Amino acid sequence: MRRVLSALAKPFTETAGLARWMLVAGVVITAVFVICAIFAPWLAPYGFAQSSAHGTEFPKVGHPSSAHPFGTDRLFFDVLSRVIWGARTALEVVILSILFCVVLGVPLGLLSGFYGGWLDRTLVLIMDALYAFPSFLLAIVVSFLLIDVYGGSVIAVSLSLTVVYIPQYYRVVRNTTLSAKEASYIEAARAIGARDFTIMRRYLFGNVVQSVPVLGTLNAADAILTLAGLGFLGLGIQSTQAAEWGHDLQRALADAGSGVWWTGLYPGLAIVLLVTGLTLVGEGLNETLNPTLRRRRLLPVVMPPRASSTTTQEEQG
Amino acid sequence: MPTKPDTQTGTGPLVEVRHLSVHFQLRGGTMARLFGRDIGTIKAVDGIDLDLQPGEVVGLVGESGSGKSTLGRALLGLVPATTGSIRLQDQDIARMSRRQLREIRRVVQMVFQDPNAALNPSMTVEQAVGDALRVHGMRSASRRREGVVKALERVGLSPVELFLNKYPRDLSGGQKQRVVMARAIVLNPTLLVADEPVSMLDMSVRAKILQLMLDLKSELGLTYIYITHDLATAKYFCDRVAIMYLGRVVEIGPTEEIFAQPRHPYTKALLSAIPEPDPDKMVPRDLPRGEIPDAADPPLGCAFHPRCPEAVRGCGWESRDLRALVEQHWLRTDMAYDEEQAVIGDLDHLDAPATSATLGTGGAGAVRAILDRVRAEDPSEPLWSGVTSIEDAGPGVTVHFEPAEPPALRRAGGVDVACVLYPDEGTGRASD
Amino acid sequence: MAIDLTDQVVDASAGQPVISARDVRVWYGTTRGAIRAVDGVSFDLAPGETLGLVGESGCGKSTLGRGLMGLLPEGAKRDGQVLFRGRDIFSLSQKASYQLRGSELGMIFQEPLTRLNPLMRISQHFEETIKQHEPDLSKDDIRERALEVLRLMGIPPTRYRSYPHEFSGGMRQRLMIALALVLRPAFVVADEPTTALDVLVEAQIVQILNDLRRNFQTSLLLITHNVGIVAEACDRVAVMYAGRIVEQGTVTEVFKHPQHPYTRELLRSTISLSTTGLNFIPGAPPDLVDPPDGCRFHPRCPEAMTVCASKNPVDMERPGGGRVECWLIGPESEIPAGGKQPLKQQELTVADEA
């Protein structure tokens, strides 16, 4: 337990200066949204698709008021509630898609790097093709295809994000595997008679996944944007299924001309904040975990005045 | 070959290596790789015979690129044999399936050169050593721990509790090498291949690790292959020594015999290259020139001849030697370089090994004059004795050399040597 | 300009040491505190002399070399006095010390390939090195100079336009030495120049280093862990342990009659052709963040006395010439009463091993 805690605290204890502040600020911002997501049913005053409470209908496009601090939109929904519920949707999608990426991308990268040959060449070709495709376009195409299967659900959007981001996981893991498998400890594992599967699982895995957490947080920020983009185009999650900031923004577009600012401002602000928070965490982690960027907190060197016995050097020559 | 009298079983050698070759295909640049074209072959191990008696320590000594590590790895099946056989316990390691190979590694184990790289950085000492037991089917964690504790105690890592949960980064170099040894002996092997086990360690710990290896040998009845570039440790540690150069054994015999009377010029060179810390025992030395050549294009004839201080006529002189000789000449005469270089022209084409070499662009007579000047500088240079004729060829000359085969291992005194200076004892001195 | 000045200084002070280091300290910053890698080191280096610096890894010998050259990582500090031909190089401005490096102070590293630009021909390497310090030299003059140095290193002139990858490991090290020497620096630090090389090539390089004094009149500080190389290539030797030079003198004197127990044990643990038994030094060099009190070698010393654990040893004239820091040598007057009792040592186990 203590080891887990100290491992978790390591990024904080080992960073200095800007990297540390980036990490702290990022963690705080992200934590607010995570709390919103987890406790949405209790934090949000109303449901995300609720247009009346206690028998009274909400006003249409109502100004911010004590009952609705962020106002209401043209579907009579409470904007504050939708922003809070939106955090839940965003995190659900991001976590699911990163989970898919890791579960698929890491083993594929490991196999591909370890065995090489035609398997490697085929996978590299596929992944490079995916990577070369404009990512947003790819997400649109995939969610179009999946809309028939899953409808505009969280799963469908997560899968389309997975297709966008999986090449990065694959490539990172494959490349680290390629260099790690040349290490002498892999040969040593062979020399004790380990099977390929054992070597990959117990000797390579732990050493090649180290950059995945950083990649995960950085991708999460990007994924939030892609998700909002899909929602804005109406390809994401429908407003009755879940609250989604991008979709809300799209609906708020029409309001902007008539001087209604609150329907667009708050979801937009939520997107900006969460993306900033996740980026800060990612960059902060990168500076801590990536040895080429890491700058450890060095204690200043203070040379005490000389002790008498070290200055007794006599004149030489 | 002399056998140790105190063999454990008395039933002959533990390992019999016969005509073993390990060749690697080279693949060149981007284009070649794209089309899967082979550029050449490296004969890392090239036709080696070696017997290992039970309980013996055999040293494989040579520079990097001599094939000593590849030979050691072939004994574990870590690199596939191209031809030949490795017989151990009535099985041929060179022809084993992957499954059989995994099994044979209970019997043959390996210690690696760099203790910092030979341990998985994300495994504790207990996991690292215990994994050897685990991959060989020991499921019970408590029995594994028992085995690990015993092995760690054997290699001197006690109190064991201090080490079990340490990661490699928490250990010193010597301690890491002890863990590597523990991992090697935990399966109770009979043969241990030690690939430069002390060369990365500090002087002050080398002796400790060597002592540990000697202790383990007598306690566990191990047989060692000791791979090293350092004849000083080999002298202390080995019963027999095989000197290797470019994939072949050039001299093999009992340690005392080899050190008392080294025969092959390469052995002599290696011996003279060891820096001697005792100022009283220092001797002026005649070092071989150059470095170990590219194994993809080994010298013709005897592979050592371009560097050999004792080279003679039948060593297999060739085009590249001529290039080296002309370049040597230019090292000495700094004034004449520009002028002579204009006559000789480019030398790069001589890098293709051949027993005839055409060179020169400034007229046959001028080229001959330069070659004569080179020859006059050092008339005793053995290359000239290998020249059969020099013909005019267009604006230059063609130098023809006497072709030669690489010398085979032949009996000489108590050892076997592969050198034209030591013709077969049985047939008398034939090639005079 | 700098060269003219220093040349005058050398004329005026012929016979003076090229380098005279007094009480040099180099400390590194870490997350745990300062590592006292070099902690009060003094030595002199005469013109054309080679001084070997030996010791186990982690004793500060590389740090000393880099400290002298001013090549230290961030967070490191150095002090003391290092006179190079009478000028204190530790108090020079950044620009002046940059000028000095390369032209007057040279450095040879362990891994030659990492120091050569793979995209530049050898000729370009020389042009760049020389032009930095002598911008007015023509290409032909540069070539002539470079070829002369290469010749002394045994590299034929035909290879002048080659790229670094076309050379073998030993040739690359020769190139590095040639590059370090082409400006004829008066003082060169060679940090483990042969460690990455094969035995025969190592011996060739040692011979080249041995010839440096004759060919270049260069003073050389040769850092190595191999006492054999020191015996072969050096005039004098300084034995370093835990940030201090514990013994220095001529190679013959120190190696034949080692005074400091560390020198003796280091020589005894070296395996050479004449080795008949295995010896080793128990334990490991100390953690230099918190070195032991008194003599830093006392926890591993077979002859430690009670005074060794409490009082820093005094720098003494070594019997037979040179200097040594050990209470066994004296001075008697500073050893407190009963200080010569053998020290009760903690038993050293493998847990403390290097």
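Per-chain residue numbering starts at 1, and chain names A, B and C are given in the order in which the chains are listed.
One rule holds in what follows: a contact is a pair of C-beta atoms (placed from the backbone, for glycine too) under 8 Å apart; a residue touches a chain by one contact, two chains touch by 3 or more.
Keep in mind that what you see is a predicted model, and the values were worked out from it rather than measured.
Q: Taking each chain's centre as the mean of its CA atoms, which one is most distant from subunit C?
A: A
Q: Counting C-beta pairs in contact, does B-C beat A-B or the other way around?
A: If we tally the C-beta pairs in contact for B-C and A-B, the bigger total goes to B-C.
Q: Counting only Cα atoms for the centres, state how far subunit A is from subunit B in Å.
A: About 52 Å, centre to centre.
Q: Centroid from C-alpha atoms only, then distance subunit B to subunit C, rounded to Å. What do you get?
A: 32
Q: Quick one: in the complex, what on subunit A touches subunit C?
A: Answer in residue numbers: 14, 296-303, 306-307, 309-314, 316-317.
Q: Which of the residues in subunit B end up touching subunit A in this complex?
A: Residues of subunit B touching subunit A: 76, 78, 101-103, 105-106, 109-110, 112-114, 117-123, 131-132, 135-136, 180, 183, 187.
Q: Provide the residue numbers of subunit A that touch subunit B in the complex, in ascending order.
A: Per the stated touch rule, the residues are 183-185, 187-195, 198, 202-203, 206-207.
Q: Which residues of subunit C touch subunit A in their complex?
A: Listed in rising order, the residues are 16-17, 20, 22-23, 25, 27-34, 39-40, 42, 44, 74-77, 79, 311-315, 317, 323.
Q: In their shared complex, at which residues does subunit B touch subunit C?
A: Interface residues on subunit B, with respect to subunit C: 63-64, 156-159, 162-163, 172-175, 178, 202-208, 210-211, 229-233, 235-236, 259, 269-282, 285, 287-289, 291-292, 307, 327-328, 330-331, 334, 337, 341, 347.
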